[in-house]
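Down below are the structures I want you to see.
What follows is chain A paired twice: with chain B in the first complex and chain C in the second.
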Partner chain A sequence: MFLFDIYNNILFYLKEFIVTTTSPNLFIHGMMAVFIIYLLTKRPFKPRQNDKLSKAEEEELIREWTPTPLTPKSNPLEVLNQKELVIQSSTSTHVTVDNKELLNLARANYLGFIGNDEINKVSEKTVRKYGVGSCGPRGFYGTIDVHLELEKRTAEFMKTPETVLYSSAYATISSAIPSFSKIGDIIIVDRGVSQPVQVGVTLSRSRIFYFNHNDMDDLQRVLEQTQFTGSKAKIVRKFVVIEGLYYNSGTIAPLPQILKFKEQYKFRLIMDESHSIGVLGSTGRGITEHYGVDVNSVDILTGSYGNAFGSGGGFCCGAPEVVYHQRLNGVGYVFSASLPPFLATSATTAITMLDEDNSILERLHENINHFYKGLSDLKGLEITSLPISPVIHLSLDSKSTRNNRIEDEMVLEKIVNKAMESGILLTRAKYVAAEKFIPKPSIRVSVNSLLSKEQINQSIQIIKQCTSSVL
Partner chain B sequence: MTDEFQINRNQSWMHSKRFWVIYIVAIIACKVLFSVLVPTYEYDWLTITLLHAVITFFGFHWQKGIPFFQAGWSQGKYSRLTLWEQIDRGQQYTPTRKFFTIIPIILFMITLHSNGYKGIPFYINAIASFVIVLSKMPRMDRVRLFGINKY
Partner chain C sequence: MEDKEDFEHEDHVGIFPILMLYISYAFIIFNGKLAEFVGKLKGERYLITPDGYAPLFVEFEYFYQRRMYGRIKDAWDRPINSIAGAWINVMPRSSKHYSQRLELTGEKPIRCLNLGSYNYLGFAQSEGPVADKVVESIYRYGTYTGSTSSEVGLSQAQRELEQLTARFIGKEDAMVFEMGFATNSGTLPALIGKGGLIISDSLNHASLATGCKNTGCKVKVFRHNDAKHLEEVVRQSIIEGQPRTRRPWTMILIIIEGIYSMEGETSNLPEIIAIKKKYKCYLYVDEAHSIGALGKTGRGVLDYYGIPASEVDIMMGTYTKSFGSIGGYVAADKSLIDHLRQSSFSAVYANSMSPPCAVQALEALRCIMGEDGTDIGAQKLKQLHDNSNYFRERIREMGFVILGNKDSPVIPLMLFNPAKLSAFSRLALERHIAVVVVGYPATPLTEPRTRFCISASHTREDLDWACEIINEIGDEISLKFNKNKYTNKLIK
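Now for the complex of A and B:
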């Protein structure tokens, strides 16, 4: 009965439609219906499979096309940074550029181990025995006895339980951070860290918080802000990332205060000691020795063999768990070919030499002190680094600065060029444009222990002359 | 053809059946809106047909290239093609094309039924629908009549 009702209804509306619709209307409706059926029955096809452009169209296209430049236009700073020197030969302290011997104050060779005879001999012997490269990553035929020896020697030197070796100093910190800190974890970073640390922090994909450079109140503020309680606190790992000696500013971290915070707020400390190992402390064991704190209170400590030890590669030391974790999770360790054997032996030799003969370090400290004192009455430039730092940053003071990065860099570049004419090689501190916090422009002087008093006095004199003539 | 593996996001959204349902519902919603807001207005279906024709004409057959996305991957391949010509990489009579062709025809039929076949309303309806359906025909693919909108 019900179905019949519906049928009647439909019939009624259909009848009404036909009755109210006039004949021309119905005709057009019918045409449209036929057209729709025609459309629906058509099968897909691709028109003009291989159609060629006509000559005129081709011409038109060619005329319209303007090529975009292959490389983006570089700004004045990039042009300035493109200047390259060709070094013809190099000794421990000097380099030859354009047949002119210059005193090298641009290279991080703090203990003067680059070009050391004994190390050269050891390297040569290793090259004759093992060849130049090791054949693969550490986990894949790349481990040689010299690597294990260096790891053992470094652990002994640093007085930590274990050490893991990386084949590049840059990759050390930038794979140590991401191997521990993952998505959802918290990283608190000093604003003054150098580029490898910034890369590592970015690669970790964690939540990143920054605190002002060496500002402990600000660190405390951030720590308070990231203090979680309850179930969330258990699963979120928190790391504070600092550098022992900040390469970008020549300052050192207030480690005792940070360790106090560590007890209070419960975080793990990652410290990059690339520039402080072999420099700070009475026996060159870095910032922990400088402050007289236990090395093992720093959870993850990375360093470089490239700066003080005159070799290459980096290391990360800490508790056995920290090290074993990196042997499977440190990207730079797992996926990169291992350190060339001769660099490993030269690093081992350098560590041994430093341990045996502490006078190199004392000379370095003296030289730094001497250089610092000599430069402290410099007019126009101010030293922004600390008197114990082997990296001396000279930046324009408030009177001579133009308050414009590019102009300041130009002025500093002029000083560098003048100094090169007078016989010393200086360099501006150059930064990657993508860095988040770029320090103010400066000349970066790297002091090493091989410089004699006369050389230091002479270079101070030259820097003073060049500065006064340019400013 | 490398093109086979690249999704042209400019047109990929048009194939979704959900979108078709939303499309039809939107047209019906317009009609309901007219009926509720201006019950005495007798040309509501005509207005909808005309608006639909104008909007889709400029959306499908006038605007060329990929206006809303980074199109570097296409290397300018689509910069001279309208959205209609980009659908299914130029394949004709595909389900998506059939759907978007039938919609204006049905709108034309509805308007014809409600506004008759005489007078200005019929001509507006007929011309708008004719233009919009003609532009969708395979014969009109990449054809610019009288060089209109050629570059």
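Now for the complex of A and C:
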């Protein structure tokens, strides 16, 4: 009964509804109902899944793609750097360019071993025994007894347990860093390092932090910032990368302070001594001797035979496991042909000669001193390097600078050219335009131990004259 | 090339060698771990790290060094005390325990036939006109330049070498670097930068990989020598553009090698050039092993296929191998070389080539080109090809699995087992043959091999004698995986 009542009621109201509503109203309501149903049932908006490009579209994309030319537009610095000098012959002090003999103040021949008679004779003998190339990497019969001898001699000279020999100084540091520092590790680098070090740092793919050149407060700030405690400290390797003598600025690293930090913050120290070995210190052992600290407190120390010892190649010395690790993991060591034997013997001879006769080193120190004193009252140019560095950087002082890199470089180029007319070989420091921290434009004078006092005085005179005539 | 088909190697050596390979690796690792465990119980400590420092090496690297590589390390780094010519003096070494370093014993060196050095044309000489010129140059220039070629280190010898190399290769200009490794690793970043794409062969040399890493741009890899896969990668890359931003790539650089040093194979150049042209990519060919060794006139892989140099954008090679010197070159259009001279890291920051090395390369090149007025160069080339083909055929007939193409002086012989690496090398040394064996990481883990490098200075008797001995060793440690297959082929 009850159900029947409800049924009747609904029927009644429905009848009422239809009768009382007018037909247009019904139509509107009907439309609304349909619309609501449509809204409810409609699929939410999605882009079409199947938007794969058709073959024709792909072809079009490929046709449209135009690569940039392989040779980019040369930038003004490149154009400026294009001038080349071809050396026709050279002695230990002079270089012949365009049939004109010039006094060498540009090649890094700090101890005068390039062109040294004794070294030339040793080289000749080696070529007569071993030929020129070694025809293979160290692993594949490219290890010749003279390489082992040089490694031993270098380790003795540096007073480190072992040494590994690379066939190019450029590849030494740029292989040594990535062989230790891997993805996830931390590298803290001085902003003033030269490009080979920079390359090594980039190749490691580690997390890189920079500190201002030789600024110990800034280094401490970065060290604080990267300090881990607990389990992370046991996994993440931390390296600080510096140069002994900065080639780009002629300054030296404050090593004792950095070693103090090393004890405090527990990092490993990588130091490139390409330009300080054979130059700094009373017997030429480099910056560690200069400061009187133990060379073995530097974990990974690299150097070059190319600057003081007048031969090719580079080396890395350190603890036996550090060296042994590079013999398997240093890409520039494993995958490159070994150093030509005659360069190995000439480097060995040079090291022995330096060890036997310290007077060449003393003369170098005197010459550097003399040069600095002579150049100190130079007008228009200022010396930005330290008075113990064999590379002297001369850059335009605040009065004569044009505040424009290209113009400054052009002025320096003019000075260099004038100096060459007057018989001395100088060079601007050249950099790749893409370098990250490109140093100030400068003329780089390389002092060597063979220069006589008269030659130095004369060169200083010429530099002064050329500068004043150009500025 | 029709010849190529004949020399295509058969990969299917059956499941057994591969299975044994994995078992031996497992055994070596297990054995090593056990030794390490026993050592620890005894109280030995291996990775000593000062307090508060992270260990300097990854633990497995150190384990690999001590327990795996350490066991067979006498197969590498063998010192010699003679010129790296056809015959060399290998100095004996020994150590008390495999985990200790090898020391020279000071005994009389072992006179060995050299099947390891890259002395393809036999220019590793201490006598003769080339060596005389080198000695002369020592007194003219000194041993080194002490400066970069962009500053004041460019010697006359280096300039002449650049010009002659450009002429030899058929490019407008060339530039020369101190070291072959640095040629690749320093030049690539100057060629291509952000927004560019490098497509590299999967078996490219480490120097190319280093250079690619250094560019900071995206690197894709295609299957070794597989032109079809290369085309797929190129198409896909152009269509998709750069990741995330979807911008089109600024340029695409394909990097291949002339002869792959671990495979002995020449690259599939004609097909790759067709793809390069079709898709407007640039091509970089590393001819470290092929220059001076392949082709009738020694102009490398292009000469081999008869392709003009204009088809390849950048040609790179080294003077280490066929020329008996050191260093490398890059040859291209003049405008590009002018750009590279100012922007290649290796040109601006690495010292220039040592002048005597430049003279060695220059005189060797003159000899190859016949510009010294003799036909010594042509004879050497012919001798090299004859030697390589003869040796390859002889050892193939014996049933070894051999890789590589005709004329290629690099002849790898597959060993398929890490234990056989050292066994082969030691047995060969005992019988006075110096061979190179290569395993991981230079090759894939599953493909240890020994690699013969043939030289023009080997005589036929040398090679016959070597073949006999290799045959003996092959029987002794059962390396003739291809034996049945080869005889079957002959019957067919």
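Methods note: the second predicted complex is superposed on the first by the 401 of 471 C-alpha atoms of A that agree within 3 Å, B and C clash if a C-alpha of one lies under 4 Å from a C-alpha of the other, contacts with A are read in each partner's own complex, and residues count from 1 in each chain.
The definition used in the following text is that a residue touches a chain if its C-beta (ideal position, glycine included) is under 8 Å from a C-beta of that chain, and two chains touch if they have at least 3 such contacts.
As the structure is a prediction and not an experimental result, all values here were calculated from the model.
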Inset, instruction - Have a look at where A:H275 lands relative to chain B and chain C in the superposition and call it first, second, both or neither. - result: neither
Inset, instruction - Have a look and say if chain B or chain C is in touch with more residues of chain A. - result: C
Legend entry - Touched partner set for A:T143, first chain B, second chain C, both or neither: second
Inset, instruction - Would you sort A:I28 into first (chain B), second (chain C), both or neither based on which partner it touches? - result: first
Inset, instruction - Examine A:I36 and indicate which partner it touches, taking first as chain B and second as chain C; both and neither are also allowed. - result: first
Legend entry - Of chain C, residues touching chain A in the complex: 50, 52-58, 61, 65, 69, 76-85, 88, 90-91, 101, 104, 114, 116-119, 123-127, 131, 134-135, 138-148, 150-156, 159, 178-182, 185-186, 189-191, 193, 205-207, 210, 213-214, 216, 235, 238-239, 248-252, 279-282, 313-314, 318-321, 323-326, 332-333, 335-336, 338-339, 341-346, 348-351, 354, 356-357, 360, 434, 436
Legend entry - Of all residues in chain B, those that touch chain A in their complex: 88-94, 98, 101-102, 105-106, 108-109, 112-113, 116-117, 138, 141-142
Inset, instruction - Mind listing the chain A positions that touch chain C in their complex? - result: 53, 58, 61-62, 65-68, 70-72, 74, 77-78, 81-82, 84-92, 95, 106-109, 114-116, 119-120, 123-124, 127-136, 138-145, 147-148, 167-171, 174, 180, 182, 194-196, 199, 202-203, 205, 233-238, 266, 268, 299, 306-307, 310-312, 320-322, 324-325, 327-329, 331-332, 334-337, 339-340, 342-343, 346, 425, 427-428, 430-434
Legend entry - chain B contact footprint on chain A (complex, rising order): 17, 21-22, 24-25, 28-29, 32, 35-36, 39-40, 42-48
